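Pasting a structure here, questions to come.
Each chain carries a letter (A, B and C) given by its place in the written order, and its residues are counted from 1.
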């Protein structure tokens, strides 16, 4: 029950507001915290769905020439696995965290456009439903789209995909895209317009900073995808010729348009994760992030460069050595600012006091797993190596290392870190550690061997393979790893469910952290800061408050 | 739902279609009776076991790059593990030092990576020229047309047409001109060198060469639909005399059918107008089918038993392939196999 | 008690950018990119030889210029409506808004007439690449004009019913920015699609 007082001048009584929250409070909510949690919940559901799809794929691939799935079914499943993970799991998870945390971290009451925020979430949910509805349209050649998550033309044209599946894919992505785009607009407007006094741009928590840069990428590249999708839809439904080589169209054009979106999209999927690591590692090392300015600046560099590398997905298309070289150079260049971050995160731990909470373990795991994935990415920037290994299991290994070993590890780290703030309770640390080790082991078992499979010539997106030496054993290892990974997710979910009910009470600041979200209750009240926002005179407001004799500003001056 | 494992030796019964899920007609395809596993898959392809100068150039660059990247990984791993052990929180550990950064270090770990990448880029430029020699000026020796889900191969100088199996003379490089009949495919024989996309409306060319006699595995490496997994090919590098002999055989007219079975098979082949597809590039040219190692672009080893099984129901092996099930009787299949086996 | 600041009281409004302007500006940036891709696609295919109807054979730049001028003028009229809005002149606002709506509607009618003419000559979205790119590019622009007309009509309705004060300045500004954007996109499209064949 919440007591609401009416001022004397208006009658002076008080009444009690029902605090009971029904489902309608959630559905009709425009509060960024509720919307953020709904994004996270939706992301988790789709994570389970896409995870099951992956396990089904791995069953089919466990042995050569398997007949568990027909090729048509397998091809739909791998398409939906990829599309779901990217558009309905990773991006919404990051948008969810951003939604929840950014206003709190800048001392604001809500996002700049609360109603737009809600519209975005429900558009995303609707788009997801439309995408999955395609399974139910199954007829002999219908059903879900079977074109891969990047839907190359002309395979995605009507002539070669003549069921409604691809149309649902397009419409679903357009709907989901509304959610992503509005989130991007909202985040930028919020960070630019609603910061608490004293919170200059250079004092933004790095999670906010990286989310801001991500939001700019979203605003710039979602429309590119929309344009491509629209042209494909017009080709399919109105018999236009954009991507039909037979009538003068260009299959390569689709690739240019798609990857101009698609490459920045993968940075959209990783930059907020970098932001989470930038919050977690300092707190559990007990010292500020090393090289804040460089971590921030390198983020901007990555964003700019990400717009110049797209055709490294097209090295095998045969567009000429000059063309390939240009994109090879830019793709190598983008490794540099990423490396700068890895070194700064590592340096943050030096001369600190590292606390091995589950959150920190995932962050450290991120450092190693993402480095592996990033380095295999550098291998792909070397054009001739790409010419051998693109479209093989080596690239499947690469992107799972950066997306799972990278983003997913960071998101798990973020989950353990911010769950107390969101729910008021701690996740169980012991089960968290079990979750971490099972994840690390399962993940590496699943994907490390895939590097070798790629080098042995196993192409990607194949529903089966012949019994070549070593392929059988490695695929079986990969399948076993996948099931361990699946099991680890179950442990996480049980931890969440049980801790929501009976976890240890968290208090305002269980980790002794320093950014503004920890300056309010757990969970925060609807207006975020019931007793006002603490003064912001540095990057770590709560540190400064607790150590008025050695604030960050003072110490930075001393260091020179 | 059926969880299938490959049929053990002597598996006797045939299992019909499994459960149909919301209208799919083949959620499970049944295991096949008495058919050997697809071959000849005893040797592997391997990007680090090159058999051509092109593949060798890439392989060397790859090894060098792997060593370079491995060194970086080792360094980062060491730095991280060292940090978490040395600076772990424990009773008596010193206070965390509130440090904010170091311009010098930032410079170091920006400039050193840049310089290393410049070196790597230099090697890259050199390798590109070697592993993908220019193709514009020479005349192509082969034309390969990629179809869903088979390879059509033309030897432009001799007029020989074949499918799914490319013979080349050892030590001589041939220029291939690639076309697509439908969607984007990709030609990849890892032992021989780079892969190249085959894009409708965007012809590509590639030099292929093998320095050692052998059979090299190739795959389609761009998802092209239902049976992308079984769009495999073989590159067979023969000594020059054997290659010349092969070319001669392929160019000669196949022997006429002799036995009653063969003649019946020939008759069925005409009357069921198999030529409608198989001589019009809808399906692979069968003129010398008996001389090939595999059927259905690598899905099956080329044996009479397999050929018979394929003719009975192509969907058993390659569901979704464009070859219809002609519902042939056992006698018809027997005759056709007899006929086709003469087409060497 | 350390000094705290209520979150509602962020820095005074006039030192932080207006959130509506920022939001609409970002939205227009993203829409601009959308049109940019369609435009690049048009240019790419236009610069390649092709069969069938083309811009030079099928389009009439003079006719299109006539109703395009109406759209360009409507940017001026909405600007004047905005000035009157700031001064609180209800009748002037209604007048200028009505004129803007009318000019925009004339533009759309002109486009519809043009489309009908093209259909009559066998030029449609599926005819060839010119048809596909032309109708997609101009069609989406027309759709944006239509949506803009709805927004303008809403403003007009509120103004005419005497409730001008209920329109937030940032809201009026948002519609105005959108309308200018739609106009600017047409300047580019008109130049590239209609004028370029005359000189190339």
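Please note the rule applied: contacts are C-beta pairs under 8 Å (C-beta built on N, C-alpha and C of every residue); 3 or more make two chains touch, one makes a residue touch a chain.
Here the structure is a predicted model, which is why all the values come from computation and not from measurement.
**Q** Would you identify the chain whose Cα-based centre sits farthest away from the centre of chain C?
**A** B
**Q** What chain sits nearest the middle when you go by CA atom centres?
**A** Chain nearest the overall C-alpha centroid, as shown: A.
**Q** Just give me the whole-number Å value for how far the CA centre of chain A lies from that of chain B.
**A** Centre separation, chain A to chain B: 34 Å.
**Q** What is the distance in Å between the mean C-alpha positions of chain A and chain C?
**A** About 34 Å, centre to centre.
**Q** Roughly how far is chain B from chain C, going centre to centre by Cα mean, in whole Å?
**A** Each chain reduced to its C-alpha mean, chain B and chain C end up 51 Å apart.
**Q** Using the touch definition from the top, which residues of chain C touch two or more other chains?
**A** none
**Q** Spell out, as numbers or ranges, the residues of chain A touching 2 or more other chains.
**A** 249-250, in rising order.
**Q** Taking the touch rule as given, give the residues of chain A at its contact with chain B in the complex, in rising order.
**A** Touch list, chain A to chain B: 59, 63-73, 75, 135-136, 138-140, 142-143, 146-148, 152, 154-155, 159-160, 245-246, 249-252, 285-288, 290-294, 316-318, 321, 324-325, 328-329, 332-333, 335-336, 339-340, 342-344, 346-347, 349-356, 364, 367-368, 371-372, 375-376, 378-379, 382-385, 387-392, 455-457, 459-470, 550, 552, 555-556, 559.
**Q** List the residues on chain A that touch chain C in their complex, please.
**A** So the residues of chain A in touch with chain C come to 107-109, 112-113, 116, 181, 184-186, 188-190, 192-197, 219-224, 226-228, 230-231, 234-235, 238-242, 247-250, 253, 257, 260, 527-529, 531-535, 545.
**Q** Which residues of chain C touch chain A once you look at their complex with the stated criterion?
**A** Residue list for chain C touching chain A: 2-11, 16-19, 22-23, 26-27, 29-34, 37-38, 41, 44-45, 48, 50-51, 125-126, 128-129, 131-133, 136, 140.
**Q** Show me the residue ranges of chain B that touch chain A in the complex, using the header's touch definition.
**A** Residues in contact with chain A: 2-6, 21-31, 37-39, 41-48, 55, 57-58, 61-62, 65-66, 69, 72-73, 76-77, 79-80, 83-84, 87-89, 93-102, 105-106, 109-110, 113-114, 117, 120-121, 124-125, 127-129, 131-132, 148, 182-184, 186, 188, 190, 193-197, 199-202, 204, 217, 219-230, 232, 298, 319-320.
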